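Beneath this line is the structure, given in structure tokens, with notes to follow.
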């Protein structure tokens, strides 16, 4: 990690409440270009919420997120931040892509149309060019053979690979993955993880919420363990898995790592 | 395994088609008292269908299943078998319980009512006694504290434990499990597997379709590997996992066992 | 405003008189619809193809023709068949049958919304088809269909207005009469609209209470 | 039997009435779709005061439309348009009345259909930077209309079925034609049976057609 | 529709529009009824002549009777040319033109129904009329009068959407009497002499219910130019014999009609 460079994403004091419920409490995190950060932790610890805040799919309660010079701010500090956030989100979403657990492909469009939709509609890109690029991306995830299929005709693993291609089509600097393999049949997990490995090797900056400890250990160069809305552990996979500092992490790993 | 005893379940030449699709092709299998059989195999290989035939949730196309002296027969041989099967199913379902992937608890009844419903309605058992026994069973799966809760108020793991208690209440000789943990959050898988371990140790005959290789290796005393509607491998966990005879099984394990 | 009060003063007594008839017709028709509709709905789920076909034909005929035309047919057709029933009874019967067709569809769709696993778990536990329906499926179905049933019954109240064409003195008939006296159709119709609305809000309120009760009992 | 010959004698008039019925219904349902979409969009607004008021208005509107007979609504709209000084033809007033009525129902259908579009679908679009109107028009509504096709069809059939009430505005659609012929010939049953069959063919035919189309869509 | 202006409608405007819009319910033999998809009848003939004289087209529209006066106020048309009984209420709200026929209510029974010998024999009979028609009012009042005399009154008063429906019901026995204006009843009986007859006294003269009533058309109160013109036309038709001729054609007899004091007191 090159601490001297400017971080791609910089999170300060981020907190998020749902009414009374404090889901994120006080998160500080800098993420640098080329990092692959794996976020792990028990159910309900706030992993998804954290990811969703980075993309402004959730309103921030307080604190600040800075991405590429544009920032989102908590509305507790100032109600008017909401309007500003909505503007900022337009820029941020161009830099930050997201891949969901449930793939969320649009079922009424073919694979190719799914990939082309946003470049054409949002970036107003040329149709012919976009199509060429979309086919390249589909080839990269091994899905060029299914360009004209509808999502429901694909297996989960294939859908997720298309979803990744769709995100790549917007040429983001960072991609957020929220449990990208946990809705998949075990046999298809591998193919999606391989695509992600390739992305990591190609230098893509990625934040991955996952239960796949194998992937976290092998591919990530940084692991964050969350619990109760806090980031409790943050370090290399070696540090976090082998020598967790907190009891909560120790306990969690003991449950997950052996049946 | 005591090969000399009469099998509890005896399957001869079982085949099952959905229209043109051959889902089970030619299955022969004897299952003896106290055996814990783990059925594994890729998605679509026919594992669920096999289990559902044993309980007559599916019509058999051809072949025969004999359970406790009563038999189900394929309707390809004789259409009238359908009527006979329906009668036989009434007896068979008393001997064979089933636990589903999606738990399928009845949402409009409390935990206790779920467990009591069938003994009272089907076996016409005495209410007071059934209640006593139901509470014992709930205690056995660690759910006696939630007797008056409704299913939706429980976690997945808790629901599955109740579903097991509900099945036990009918005092079956064999219990069929269809991926009992795959709808659970990872943190809750252990508690259900532990209940199943206890049952196995108490001598219950069980057939378990599962993706939990750890459980298959540790608890089962027999593993069947299915593919394309055939049982390709059938032996001890040691034999099947370590020295699979077929290439298909080798390939499958290589994908599943390491990321 | 003055005119409004004046017209309302003349119209309301008449309208309230009609409201009673409207309520009576609605209640009786809904009762018929519940009994007949459940029977037709159960027939739709039957394994016997002939039984199912009869039920489907019943539904189709009643759903695919305007209620107004059904009313005319019943009013002129029943006497032609030698049945001498009053206009009121004709109205109740035809509205009951019309609503029954919709009730049957709602019931059937409610049953199909219950996950297959609920049936299978019951069969696997040794329950009979009938027991499964009565003890496991229908109780869950009822909960699901309360909103659609409410919608249908509100519709029934409104459809009763069409019975004015066969001399039934329900609220719409009284509305016409009040207009004949006051010559202020807009005001009278607004009064009538509000009364219908109020009647239906009562139904909706009752249904919401039932839903709340359901939610409290089993989540 | 000879009575049915009379029906045959007037077949041209009846078919003309049928044509009117179809025209009025199609026009009304098309406008109603727009009204329905507009109402649902108004109902999706956030928690700010204006959008809360808007939501309340929509709620009252829908409740009124659903709670009062169409006949009453037709009269109220007919009179209200006149009071507002809009001098529209009866045909236009009738179509507007039907659309405003049906629009309320369609808004409810869309609301139901919206729950069938997983939240993830819109989130994926949002995360990819699509604007909210685009998300609605390109991602949400196409899916809503697909899942809600059966309900939308039965709403269309409903429009056909309530169109006879437009006879009170002198729109000579099918039922009004039959009524006229009945008063002219003093023969009732054969005419009413004839138009019942005509309505049945139209409505049941439409239902079957949509079912077929839906099956074709599902095959892909 | 007719005038877009808010002020009263003038004859010039009508001429400019090129048409006079007249609303009626064409289910009222022989005043106005459908022949194929054309409205014909006594009123139809009169309006055709009036429009001819004015040099404009007749825009004749067929509407259900119940809402017809409302549409006049809403300026949907210029004249309600339906057969309106002249009542104090109606005259209070609209200008009622000179009468064009005698509209006193009479009863029609099934031909040969011996249980009804005079209009006093109403005990336990079912009577039909049309909703919101002025005959309904007279029929109700007559019932009250019978009751005040200690008689039983009607078994039931049924209100139909239109008179033909009521006559059909009378024929098939669902009701025993229809109450409608004399002129129409005379025409109905004239065309169906085997089915119906008017309830008459011993001398065979039709028995009238209540006081003499006249029928005419309604025009908005402010449109005085139009109502005056129509009145002048009716007057002219009386003078030149057109009216008597048309009455003979449609009703079989001519009737004397007043031009003043035809509006009853409240």
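The letters A, B, C, D and E name the chains in turn, as written, and every chain counts its residues from 1.
Quick note on the criterion: a contact is a pair of C-beta atoms (placed from the backbone, for glycine too) under 8 Å apart; a residue touches a chain by one contact, two chains touch by 3 or more.
Computed from a predicted model, the values in this text were never measured in an experiment.
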Shared chain contacts [subunit B and subunit C, defined touch]: none
Chain connectivity with subunit D absent, coordinates unchanged: one piece
Distance-maximising chain from subunit B - centres being C-alpha averages: E
Chain whose Cα centroid lies at the greatest distance from that of subunit C: A
Pair of chains joined by the greatest number of C-beta pairs in contact: C-D
Euclidean distance of C-alpha centroids - subunit B vs subunit D, Å: 51
Centre-to-centre distance between subunit D and subunit A (centres being mean Cα positions), rounded to whole Å: 44
Euclidean distance of C-alpha centroids - subunit B vs subunit E, Å: 83
Between subunit A and subunit B, centroid-to-centroid distance (C-alpha), Å: 38
Multi-partner residues of subunit E (each touching 2 or more other chains): 66-67, 70, 73, 161
Multi-partner residues of subunit D (at least 2 other chains): 75, 79, 83, 188
Numbers and ranges of subunit A residues touching at least 2 other chains: none
Those chain pairs that satisfy the touch definition: A-B, A-D, B-C, C-D, C-E, D-E
Interface residues, subunit C side, partner subunit E - complex: 79, 87, 164-165, 167, 169, 173, 176-177, 179-181, 183-186
Residues on subunit E engaged by subunit D in the complex (per definition of touch): 1, 4, 6, 23, 26-27, 33-37, 61-64, 66-67, 70-71, 73-76, 161-162, 164-165, 167-168, 171
Contacting residues of subunit E [partner subunit C, same complex]: 66-67, 69-70, 73, 89-90, 93, 128, 131-133, 136, 158-161, 172, 174
Subunit B-touching residues of subunit C, taken from the complex the two chains share: 115, 117-118, 120-127, 131, 135-136, 139-140, 143, 218-219
Subunit A residues within the subunit D interface of the complex: 55, 57, 90, 93-94, 96-98, 100, 102, 104-108, 117-118, 121-122, 150, 153, 163, 166-167, 170
